[in-house]
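Next come the structures, one after another.
Each of the two complexes below includes chain A, the first together with chain B, the second together with chain C.
This part shows the complex of A and B:
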């Protein structure tokens, strides 16, 4: 079965359009992992695509779980909440600490120091 | 309890990489404004609020791309706060590293040097992202088919003979080369340069595992 040139063209350009993230940057990030020597093209493509899926997944899950449902806005605390409550996104808890007010932090610091009484 | 606090952006790596600030989200810590000025020294990072401990380079995907994907994922009326965008940008790098380390480990265990597609898919499955695996396989298939049609790479098992015209040093300017094979089928092939697909800096052999 023969295919016209334009048919192949649009397939190829669709494949390109299918990726909305810069593959070279993804590659950079992958290479910054220790002990990574080389990455084949498939792996690179899959990771880039997976990253898109991840962003969609994280954004939507957090949006639906947001604490302030009236606001219609996704904010940082929604993401932190999702990371804590979800198994899938739990690996993010280290980089998504919950924000607290400085005065509360300082108070709890003082409390800890008092309790220590090693001073 | 971990805390995010105001600090300088650590972008020493930005100059090394020659990247502009817009691509580098700072490792920002946000202190909710109080009477205290940022006198608090950020040196005691023993709380897990920092990632400098275990990642030397903070490389991120461009925030515009990330934000666009987020915007399209949530309902149309939904909005996304700026700190949420920046945050997801960081999460993304974390995700990529997460998958890559796992894939790399498997690769090493099997005494291989190059991380391939299977390693990535396996890593996703192991790490709780197996819901991505099937859609990804589909995308990969489409991608391969599309690239096959464009490049007609020698060594790629196409199933039809493309003739001897295509050699490694035949990659000059893109030109359509219609080839009629022995059984009378016309196979249209584009002789292709890597620059035409700028996203992938080097052309690597597609490995069929």
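This part shows the complex of A and C:
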């Protein structure tokens, strides 16, 4: 990183570095929300930046709460665990469901069928 | 406007980079986890937008503004985002003002340049006319039509 930029130029590059996610893509997602007519430029920027902060927060929280503490990997199950156990990330439970083994699912299906035996 | 499902996803490379920067060095991230975080981020945008929009509608506005987004963050219990968001917004706004000034200056420079080029081309035409007049004086049988600029 060059130290020879004038004050104005380095400020501009600071703002450029401020977000990595493409604003246009975030805008597309926002516009798909019903009832939204228009979004001002600052709101668009803030949402993009907030999404980056969210990604960082979700990743780090999930890693710190991982069930396999000896592992140096962030796994899907860590994310699902966080979604279920954390209040702030609870809105993600539908898209980050905990996974169960197929055999366990079949077993619980059988149990349900037994209970509804007069069906 | 039809949106294909992939259009509502965020670019994987960027998401991966953000994740890596947030985690301690040397930590691996499974492919499944990366994909899940990317999807979670899209859901976050939708949730934040919907929440911010409620604030805008309450204030009888049709345009979502910065205040609505910040209010949404608080509502969603992401208060820890508020300070970094406000700081980033300040830098962004300064940069936008700077860019606006630069583009306006460029526009003004362009206009000035266009004007001076018009003056230059008029000067050249007048020089040509003078030369033509000289030639005509040497050959009087030719009648030339002089074009004169009104300016």
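As a convention for this text, the second predicted complex is superposed on the first by the 112 of 119 C-alpha atoms of A that agree within 3 Å, B and C clash if a C-alpha of one lies under 4 Å from a C-alpha of the other, contacts with A are read in each partner's own complex, and residues count from 1 in each chain.
Here, a residue touches a chain if its C-beta (ideal position, glycine included) is under 8 Å from a C-beta of that chain, and two chains touch if they have at least 3 such contacts.
Here the structure is a predicted model, which means the values were calculated and not measured.
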item	value
Fit or clash - chain C, chain B, common chain A	clash
Partner chain in contact with A:103 - chain B first, chain C second, else both or neither	first
Comparison of chain B and chain C by chain A residues contacted	B
Chain B versus chain C as contact partner of A:24, first or second or both or neither	first
Chain C-contacting residues of chain A that also contact chain B	8, 11-12, 14-16, 18-22, 25-26, 28-30, 32-33, 35-43, 45-47, 49-60, 62-63, 72-76, 78-79, 87-88, 91-92, 95-96
Of chain A, residues touching chain B in the complex	1-5, 8, 11-12, 14-16, 18-30, 32-47, 49-60, 62-63, 72-76, 78-79, 87-88, 91-92, 94-103, 105-106, 108
Chain C residues within the chain A interface of the complex	3, 7-8, 10-11, 14-15, 17-19, 21-24, 26-30, 32-33, 36-37, 39-50, 52-53, 57, 62-66, 68-70, 73, 76-78, 80-81, 84-85, 88-89, 91-96, 98-99
For the chain A and chain C complex, residues of the former touching the latter	8, 11-12, 14-16, 18-22, 25-26, 28-30, 32-33, 35-43, 45-47, 49-60, 62-63, 72-76, 78-79, 87-88, 91-92, 95-96
In the complex, chain B residues that touch chain A	1-5, 17, 23, 30-32, 34, 36, 40, 47-49, 51, 55-57, 59-62, 65-66, 68-70, 72-75, 77-81, 83-84, 87-88, 90-101, 103-104, 108, 113-117, 119-121, 124, 127-129, 132, 135-136, 139-140, 142-147, 149-150, 176, 185-188, 190, 197, 199-201, 203-207
